[in-house]
Amino acid sequence: MAGGAGAQIIVDGLVKRFGSFVAVDGVSFDVARGEIMGFLGPNGAGKSTLIRILCGLLRPSAGRALVAGIDVTEDPDAVRQRIGYMSQKFSLYNTLSVLENLRFFGGVYGVPRDRLEERIRFAIDMAGLAGRETSLVATLAGGWKQRLALGAAILHRPAILFLDEPTSGVDPESRRRFWDLIHTLGAEGVSVLVSTHYIDEAEYCNRVALITRGRLIALGTPFELRRRSLGAELLSIEREGIANAIELVEKAPGVHDVAVFGSALHALVDDAATRAPALVAYLAGHGIAGATARRIEPTMEDSFVHLVGAATRARGDPP
Amino acid sequence: MKLRRVKAIAVKESLQIVRDPRSLMIALLIPLMQMFMLGYGINLDIKHIPLCTYDREMSQQSLGLLKRFEASRYFTLRKTAQDYAELTRDIDDSSCTIAIVIPAGFSQGLNDAGTGTVQALIDGTDSNTANIAANYARAVISGFSGDLQLQAIQRRGGTVQTLTPVDVQARVWFNENLESRNYIIPGIVALVMAIVGAQLTSLTIAREWERGTMELLVSTPVKPLELMLGKLLPYFAIGMLDAAICLALAVFWFDVPFRGTLATLLFTTSLFLIVVLCIGYYVSVSIRSQVGASQVALLLTMLPTILLSGFAFPIDQMPVFVQGITYLVSGRYYVTILKSVFLKGAGAVELAVPILCLALYAVALVVLAARSFRKTLD
Amino acid sequence: MNGSAGAAVEVDGLTKRFGTITAVDDLSFSVQPGEIFGLVGPDGAGKTTAMRMFASVMRPDAGSIVIDGIDVLAHPEKTKRHVSYMPQRFGLYEDLTVEENIRFYADLFEVPRKLWEARAQSMLVASDMTQFRQRLAGQLSGGMKQKLGLTCSLVHTPRVLLLDEPTTGVDPLSRREFWQILYSLRAEGVAMLISTAYLDEAERCDRLALLNRGTMMYCDTPAGLKSRMPGAMLEVASPEPRKVREVALALEGVQGVLLVGSGVHVNVDDGGRRSPQLAQALAGAGVQATHIEEVAPTIEDLFVALLEQNSEA
């Protein structure tokens, strides 16, 4: 986190209601300068409402949001000058060339004429599109289009960048390259907000906020979310045909939850070190000999599922 | 073929129609609107021609002649002008089509020389209307001069009988008053049915392509014929409802005499409906976009039906080559049938030939439409 | 389980061209009953084209597909009874309710009423959707749409299930439920072919084919594939990931460095030997690192490494 104390975004007790529906329910967090913050949650969790408020497109029902030191309800236009926005569905014009697209977006963002060429040059170099300036966007591969869209979104040097599912459906190589660029921007002091429902996109963020039903249910580094928030440890139980023994494992002592995962069973246990040998013995006692149990790293999906389940139970909502 | 699958598709399609009240309204309102617009808009009779008069004499005789113009149902007096400038202005701004100017000395000429001159100024922009207006004016004037002659002879003590030795009494069959409406409205019913019928089905397959539901549908065991029947059934029901609306308007609103039997009318109407529904379906299968399919369907049905069905333009007046083409237009048979059923009261026996042609047409299109659909994304 | 005929799906030399582009190039593999087989690869790898050919909604230019002993190319309609296909794009009717959609597909496959009603009921219970029976499909969330799609494709108890990127746009919770349903189908002996661009999802399959530009690079179990990963993966947690990368790249035996959210993944030739060396180098450069440990490579790590190997070769 390059910025340290200088928070670029401060959100405090933010609420947004649409009629009786609460889309954002008392959300508070802040994002430091140069920090890459992910919002992870299912569709309809309130992520886009939150981002629209931060872009000054929607007025909050209650609470406060400061973006680059400006209250979004007081001067939304000034906020919009300082942010860049890019989504997977970013509307580049397929029938225009790379350069024509960048000139167009430069004009839309009001980049001063004397700076435009220099900024466009920077965007093209950053996106690795040097030599393809006159190619039509339609002829570019997915990864290139996406980097071009990013280049267009930062033409006006925004302090804050919003990314909406930026790398869904992009091949792994391009995805890695894209995130490398994002981290470079972060190092230069740009704060980045990523909204996604893909766990693997969240893994690239410095910090991740889990959002479900308008509420922020957990906030931490991917590392913290994976290890600590689970409140339990994960065992992988492997043996030929072990998937059929799921009901048996569910009844074993110390096991909170079991799920089939590929050819193995993943069991959530209170203490992996003692439960692993106990489970192997338990299975052998029930006629399933030769199983192995080892502690594995929980994934972010494991913690997400766990945390959402816990939050739902705590509120007594229907699942 | 499995009836269960046909039914499943028909039910699904009906639900979708009902869930989209806007399109249902359009399906029922458009024919209504078209009937009114075309029924009133296309009228080959010219009545109530706007008339302007300029009487420079103001004698008993000049007033008598102008009275006759006013009394005629072919003319409506719009303006009594006071000078030429006013009259010219009225013709120029199209507020009058014809102007009758009675010169000073009109009655004197009549009394002295036995002849008078009347000036008629006619807006020739629409030559057809101008011709008709001139003819009507001539008729009014000749009626007037006939009466004058009669009076003159009577005054001289002559006998009257010799003047009208022959009285021609023409009798026109089937359309006694020669109302062009009687003959044009059944044609309009056919035109509306052709347009609406093809529009209804032109969207149905294209929509499945556009919404991405087709990919799943072609991966099921459904057969092309089942798909077509299931899709056409609900639209057939709507189409027949549209036909009922149009025919009822023709009879009860436009007062077109209906002399045939309802059975013949319904039977032939359903044959024609099958033809146009299949045209729409075929277009929808061939063009996988709703907008495109709708436009092509409109083009394929509206133009031939207007131009080549004989609905307004008599086929026997067309060049022989074009007459040949009209045999390929399904609307031709339906227009013939409708006019005969309405005005002549013709039944299935008299209309055997056009009915047979229409039936063959329907069979051919059902086969074409059923075969056009391929269960593949290639 | 239909044991007599052996494989549920046999694909041999499958090829499809669009103009000059070969979308699927000489693809061969087989899937057993009760097996989940993954087609994994980036966009444009040919996954969807392959799926469409298996579902016999697209004809290949060369090769053969045999499903449940029936030649798909010779009898495309016959196989459709035993196969269920879930296209990538939501294929159900958004203006029909959940129940109307299910009934529609049950009718198309001529499933007896009692049978499909019972099956739909148990599927809706399993996917937590019973209270949404009367809701229009268009008003369901992404995850629920996919579960409805799965329910519809299972009303006729297919022997082979073809799922084209079924969890795209699905939240993690629904995705997990979705997979639990697939695993219960596996236990019933249904053969499943799943395409996905998410490499983390690939680990859930029994076997995988890695596709790139229409050709199959590897086909193995997830564990088997991972064992091909050269070297080991070290995870370094640090607040200064960029500095870690600089230091790591200068080190001997480092094959690749990847920035992830809370740290850096360093691909090294030998984990045991390089781990202390890296720690030492970081300390020497004054770079903070809270921990360094060897982690299992993900399929994604592997995919990238394999692509690099291939492009070098």
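Chains: A, B and C, in written order; residue numbering restarts at 1 for each.
Everything below uses one rule, namely that contacts are C-beta pairs under 8 Å (C-beta built on N, C-alpha and C of every residue); 3 or more make two chains touch, one makes a residue touch a chain.
Note that the structure is predicted; figures quoted are calculated from it, not measured.
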Original post:
Computing the C-alpha centre of each chain, which chain sits at the greatest distance from chain A?
Top reply: B
Original post:
Busiest chain-chain interface by contact pairs, anyone?
Top reply: A-C
Original post:
Just curious, how far off is chain C from chain A if you go by their C-alpha centres, in Å?
Top reply: 21
Original post:
When the centre of a chain is set as the mean of its C-alpha atoms, what distance in Å lies between chain A and chain B?
Top reply: 65
Original post:
Which integer distance in Å separates the CA centroid of chain B from that of chain C?
Top reply: 62
Original post:
For the complex, which residues does chain C have touching chain A?
Top reply: 41-45, 128, 131, 141-143, 168-176, 179-180, 183, 186-187, 197-200, 203-206, 221-222, 237, 239, 241-242, 258-263, 295-296, 300, 303-304, 307
Subject >> Touching residues on chain B, where the partner in the complex is chain C >> reply: 2, 4-5, 7-8, 11-12, 15-16, 19-20, 211-223, 375-378
Original post:
Which residues, counting only chain C, touch chain B once they are in their complex?
Top reply: 52, 55-59, 76-77, 80-81, 83-87, 89-96, 100, 103-105, 107-110, 136
Subject >> Interfacial residue positions of chain A with respect to chain C in the complex >> reply: 1, 36, 38, 41-45, 141-142, 168-174, 176, 179-180, 183, 187, 197-200, 202-208, 221-224, 243-244, 259-263, 296-297, 299, 301, 304-305, 308-309, 318-319
